[in-house]
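Multiple structures are listed underneath, in C-alpha cells.
There are two complexes below, and they share chain A, which is joined by chain B in the first and by chain C in the second.
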Partner chain A sequence: MHLLRLALASLNNRRFTALLTVFAIALSACLLLAVERVRSEARASFASTISGTDLVVGARSGAVNLLLYSVFRIGNATNNIRWDSFEAFAHHPRVKWAIPISLGDSHRGYRVMGTDARYFEHYHYGRGQPLRLAEGKPFDDLFDVVLGAEVAEALHYRLGDRIVLSHGVSTVSLVQHDDKPFVVSGILARTGTPVDRTLHISLAGMEALHVDWRNGMPARGAGRVSAEQARTLDLQPTAITAMLLGLDNKVATFAVQRQINEYRGEPLLAILPGVALQELWSLMGTAEQALFVVSLFVVLTGLIGMLTAILTSLNERRREMAILRSVGARPWHIAGLLVLEAFALALAGVAAGLALLYLGILAGQGYVQSRFGLYLPLEAPSAYEWALLGAILLAALLMGAIPAWRAYRHSLADGLSIRL
Partner chain B sequence: MTPLLELTDLGFAWPGQPELLDIRHFTLAPGETLFLRGPSGSGKTTLLGLLGGVQKAGRGRVALLGQDLAALSAAARDRFRVDHTGYIFQQFNLLPFLSVRENVALPCHFSRLRRDRARQRHGSVATATAALLGHLGLPEGLHERRAGTLSIGQQQRVAAARALIGQPELVIADEPTSALDADARESFLDLLFAECRAAGSSLLFVSHDRSLAGLFDRDLSLNALNRASQPAET
Partner chain C sequence: MRTSSLLLPFALLPLLAVAHDDHASLAPHEHGVATLNLALEGNTLEIELESPAMNLVGFEHPATSEADKATLAAARAQLERPLELFGIPAAAGCSVSSLAVKSPLFGDATHDHDHDHDHDHDHAASGEHHEHVHSDIDADYSLACTHPGSLGQVDLGAFFKRFPATHTLRAQVIGPKGQQGVSLTPAEATLQF
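Right, the complex of A and B next:
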C-alpha cells in the first residue's frame, strides 16, 4: 500500500502530463463504450422493428429492398402489386390476417403510409407489442391522419391540426396536396421503430389524394376534384405497394411463401422478415465491425500515449529511483511502482471515460432518439462493457511492464549512484 | 572487538577496464567516525557501491557486521543494506513530492528492523521522525512541507534524519556538505556527529574537502588505501 502512495505522489508531481494521459485514455474508453452501446442498441432496435408478421409481400425485387421500403420506409418500391393479388392472398386459407400498405407520399420529410384498420390491430413490434394510441383514435374519416410519435413531437402537432401532404418522398416537395388537407385524429405511442416516423392514412384517403392526377401531374382547371367531390367517388384502390401477412400456423410459412413466389397473376416476392432483417444487418455489420475496430485502435493509441509519457519520464526519474534504492527499495519495488503508475492512470482514465459516457448519454439522449430513432438507456454497464473496461486495464498493466522492466534494469545498473 | 566493516583483499574493475580498486585491508570500528578523502575519479562512488552491496567485488571480501555480503542473494543483500546502513548523498537526497516527514520515514517502510528499532526507542515511527528532525534543527512547521520546497541546507538535514532513523549501525555520507557554505557545513557536521553518537552509529564520511578532516576520529586517504591508484610507488 505504501508503494501505491509513492506512485500516486510521484504522479501528482507530474500532474499535467498525468492528467493529459488520463484524459486521452478517458476519451478513448468513452468512444469504445459509446460505439459498443450504439452498436448493441441499434442491433436490438433493428431486430425488434417488426414482429408477429410471418411474410412481407411486394413486387418482385430483392429481399432487402422490399424490407427497406415496406418496413423501414427507406427507398422506393420498384413496382406496385395489384389489389386483386392482395385479395387473393388475404383470403388464402392459411392466412389469418393481411395488412395492405400503400406508400409514395410524404410530409416534411416523413413518409405517408396508406393502410387500413387491420394495421392497428395486427402490426406488432419488439417482443410482440401492439401499436398503442397515445391520444385520439385511428383514422375514421376519409381525411383523417394518425401520426407516429416522433412526427407529432418534432413538428409539434396536436389532435385536430390540419396538415397538407406532399406528393413524392423528397424532403423538399414541389407539389403539395394542398387542396385536400388532413386532420390529425390520433397520435401513436412511441415504439422506437420506423412507425414513429410515419403518417398513417386510409387507403381511400391515399386514393382520394391522387384521384384527379393524370400522368404524375395534378389535373388543372375543370379536371380538378375537390375534397368534397372526392367523398362521393368510389375510392377503392387498384394497386398497393406491399402487404404484411400473418398466418394461422408458422409451419405453413414456407408453403405460402412458395405459393406467393410462384403466383401466376403477377411477379410477387414474399420474404420472411426475420431472415431479411438478418441479411440486412449482416450488410451493415461490416461497417459496424469497422467502427468497433477503429475504436479499439483509438484505445490502443491512448494507451501508447500513456506508455510514451511514462517512458519519457523514466530518465529524469533515475534520481528518484536511486533515492528509493538507497532507502531500501528493491528492484522489484521500482518495477512495481511503474506498473502501479500505469494501472492508476488507466483506472482513472477508465473511470473518467465512464463518467464522460454517462454525461454524453444524458446530454445527447433526446437528440439521438429524435434524430436517429435510437434509444440509449442510462443504465449500468453490461457484463460485456465491464469486460471491455477490464481489457483496457489489463492492456495498461501489460504496457506498464515495459517501463517497469526498463526501470528494473536501470536500477540494477545505477544502483545507489545518482546521476544526472 | 569485531570491526563493523571489514574489507579484505578487495579488487574491483569495471568490465574491460584496468583494476580501479585494490584494497588489502580496511576496517571501521563500531561508533567510529572516519573521514575518507579522495579526489573525484579515485573510485569513491564505486567503493560505496561495493559497501552497499550494489556492486559485487571481483575478488576479496566485504563484511558488514561480520556478514560477507557476497554470500547473500541480491534480495537479501538489499534487505541487509537497508537494515544496517543509512545514506546521505551530495544533494537532491529527497523525493521532492513527498513531505519532509514522509521522506524521513521511508527506510522504515522497507526495513522491518529499523521500523522496530524506531518504535522501541520512540514509541512510533512518527515520534521518532519528529524527534530526529527536532534534534537536527528543523522546526515542526516544516515537517509537513513538501521536501522540494526546503533550502539545500534544510534538505541535507532531512537527509541526515532519514539516514539515522531506526539507528542503523553505519551511516555513509557521500560529500553531503559540498553544496553548503562553510558555516552551514560545520553546524551540519556537529549535528550529524551528535546524532550518530546518540544512535551508536559509525560514520563513513567521503569528501575531497580536507578542511573538515580534523573533526573526525580518523582521517584516511583513499589513494593511500587503494594500491591500484599508485602503481609508480610499488
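Right, the complex of A and C next:
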C-alpha cells in the first residue's frame, strides 16, 4: 500500500511525461478494442439480417455475390431471373413460401426493392423476428411505398409524403421517375438490418415505372405512359432479381437446392444463406486478422513508449532511490515501486482507452449506422475484450520488470555512493 | 468455298447441343475434396455425401481387375455403415431408415439419380475426343434418431482415417441452430450441430 502511494507520488512528480504515456496507451487500447468491436458487431449484424429463409435463389454467379446483393443490398445482380422460374419454384411441393425480389432503382442513395405482400409476412430477421410496421400499412395501391426506419428518419418522411424514385443505384442519378411519384403508405419499425435502408414497393409498381421505357431510356412525347394510364396496363413482371424460399421441412433443403441448381429453364443458383455467410467470413478473415495484428503492434508501441519513459527516468531518479534506500527501503521495495509504476500507467491507459472507445461510439454511432449500416451498441465489454485488456496490463507488468531489475541491481551498487 | 468453311463450326453447333443436353450442369469435381450435407429436423437426420471416386477407392475407371473389384466392394461396404463412418454419437440412438450408395463404378446401368455425375469436362468446344471420364460416388442416408438432442457433435475422424485420399469435406449443416458451412479436415474433423 505504501509502495503504491510512493509510486503514485513519484509519478505525480513527473506528471507531464506520465500523462503522455497514459495517453499513448489509451489510444492504442482504444484502437484494439474498436477493431474488435467493429469486427464482432459486423458479424453479428450480418448474421442477424436474415432468419428463417432456407434458400436464396438468383441468377447463376457466386454464392457470396448472390447473398450480398439479394439480402444486404451490396453490389448488383449479374443477371435477372424469369418470372416463370419464380412461379415454378413458388409452387414446388416442398416450398412453403416464396418472396420475389426486384432491385435496380434507388431514392437518394437508398435502394428501392420491388416485392409483394409475402415479404412483410415471411421475411424474418434476428432470432426469427418478423417485420413490424411502426406506422401505416403495407403497400396497397400501385404507387404506394413502405419505407425502412432509417430512410424515413434520415430524409424526414412521414405518411402521405410523395417521393420520386430514381433510375439506377448511383447516389447521383441523372434519370428520375418524376412522372410517377410514390406515396408513403407505411414506415417499418427499426430492425438494425439493411431493411432499414430500403424503400419497398410492389412488383407492379416497379413494372409501372419502366413500362414506357425503350432501350434503357424513358419514352418521349406520345410514347409516355402517365401514372393514370399505367394503372390500366397489365403490369405482370417478366423478370425479377432474386427470390427467398422457405421450405416446409428443413431436411428437404438440399434436395430443393439441387433441383434449382439443375433447373433446365435457365441457369439458377440456390444458396443456403447461413453457409454463404460463413464463406464470406472466411474471405474477410484475412483482412480482419491483418487489422487485429496491426492494432496489437500499436499497443506494443504504446507499451514500449512507457518502458522508454520509465527507463530514461531511472537516471534522474537515482537520488530518489538513494534516499529511499537510506531510510530503510530494501532493494525489492525499489523494484516493486517500478513495477507498480508501470502497472499504474497501464491501468490508467486502459481505463482512459475504454472511456475513449465509449466516447467514440457515442459520437460516431449515428454516422456509422447511416453510412455503413452498422449498429454499434453501447454495451459493456465482452469477456474477450476484458481478456484483451487484461493482456495489456499483464504485458505492462512484464515490461515493468525490466526497469525494476535494473534498479534492483543498481540500488545495491550505487545506492548511497552517488555523487550529487 | 470460303464461306462454307467459315460456317462449318456453326453447322456443328446443334450436334454439340445434343451431346450436352443430358448434362443439366457440370458440377465441380475436385480430387481430395468431397461434399457432405447434413440436415437435422425433428428425429430425422439426413446425410448426403458426394465424392469423386478417386477419394474413396483410388481410381475412377470401371473396375476390371480383381483387386479393383475388391477395393470397390470394401468401400461400398464401409459406406453402407454410416453410423461408424460419420461418427454419429451412440447416445443419439440413431438407426438407418434408408440408404443408397450409387456410382457408375458399381455398374448401375440404370443410374436414375436425379443428377448425373458421370460428367465429362467441357472439351467439346475444342472438338477433342474425351479421353478420361470422372466418376463420383454418391451416398444418401436417412437416419431416425430417438435422442436427436444428443447429436451435439459429429466426429468425422473415422471417415478421414478410412478414406485418407480425402483431405477436405465441404460440409453444409442444417441443425437446430440454423445453417452453417464448415470445411472439415483430418486435423479439424468435428462438426457442431
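Heads up, the rule we're going with is that the second predicted complex is superposed on the first by the 418 of 420 C-alpha atoms of A that agree within 3 Å, B and C clash if a C-alpha of one lies under 4 Å from a C-alpha of the other, contacts with A are read in each partner's own complex, and residues count from 1 in each chain.
Following the convention adopted for this analysis, a residue touches a chain if its C-beta (ideal position, glycine included) is under 8 Å from a C-beta of that chain, and two chains touch if they have at least 3 such contacts.
What you are looking at is a predicted structure, and each value in this text was computed from that prediction instead of being measured.
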Task = Identify whether chain B and chain C fit side by side or clash on chain A in the overlaid structures.
result = fit
Inquiry  = One more residue to check, A:Ser70. First (chain B), second (chain C), both or neither?
reply    = neither
Task = Classify the contacts of A:Ser45 with the two partner chains as first (chain B alone), second (chain C alone), both, or neither.
result = neither
Query = Which partner does A:Ser10 contact after superposing on A: first (chain B), second (chain C), both, neither?
reply = first
Inquiry  = Going by the contact rule set out at the top, does A:Pro273 touch chain B (first), chain C (second), both, or neither?
reply    = second
Message = Let me test your reading of the model: by the given contact rule, A:Ile323 touches which partner, first (chain B), second (chain C), both or neither?
response = first
Query = Is A:Gln259 touching the first partner chain B, the second partner chain C, both, or neither of them?
reply = second
Inquiry  = For A:Asn249, using the defined touch cut-off, is the partner it touches chain B, chain C, both, or neither? Pick first, second, both or neither.
reply    = second
Inquiry  = After overlaying the two complexes, what is the shortest C-alpha distance between chain B and chain C, in Å?
reply    = 54
Query = Same chain A residues contacting chain B and chain C, which ones?
reply = none
Note = In the complex, chain C touches chain A at residues 24-25, 37, 39-41, 44, 46, 48, 114-115, 172, 174, 178-183
Key: In the complex with chain A, residue positions of chain B that touch it   = 45, 48-49, 52, 54-55, 74-75, 78-79, 81-83, 87, 89-90, 92-98, 102, 106-107, 109-111, 162
Key: chain B-touching residues of chain A, taken from the complex the two chains share   = 2, 6, 9-10, 12-13, 319-320, 323-331, 333, 415-418
Query = Which of the residues in chain A come into contact with chain C in the complex?
reply = 51, 54, 249-251, 253-254, 258-259, 261-264, 272-279, 282
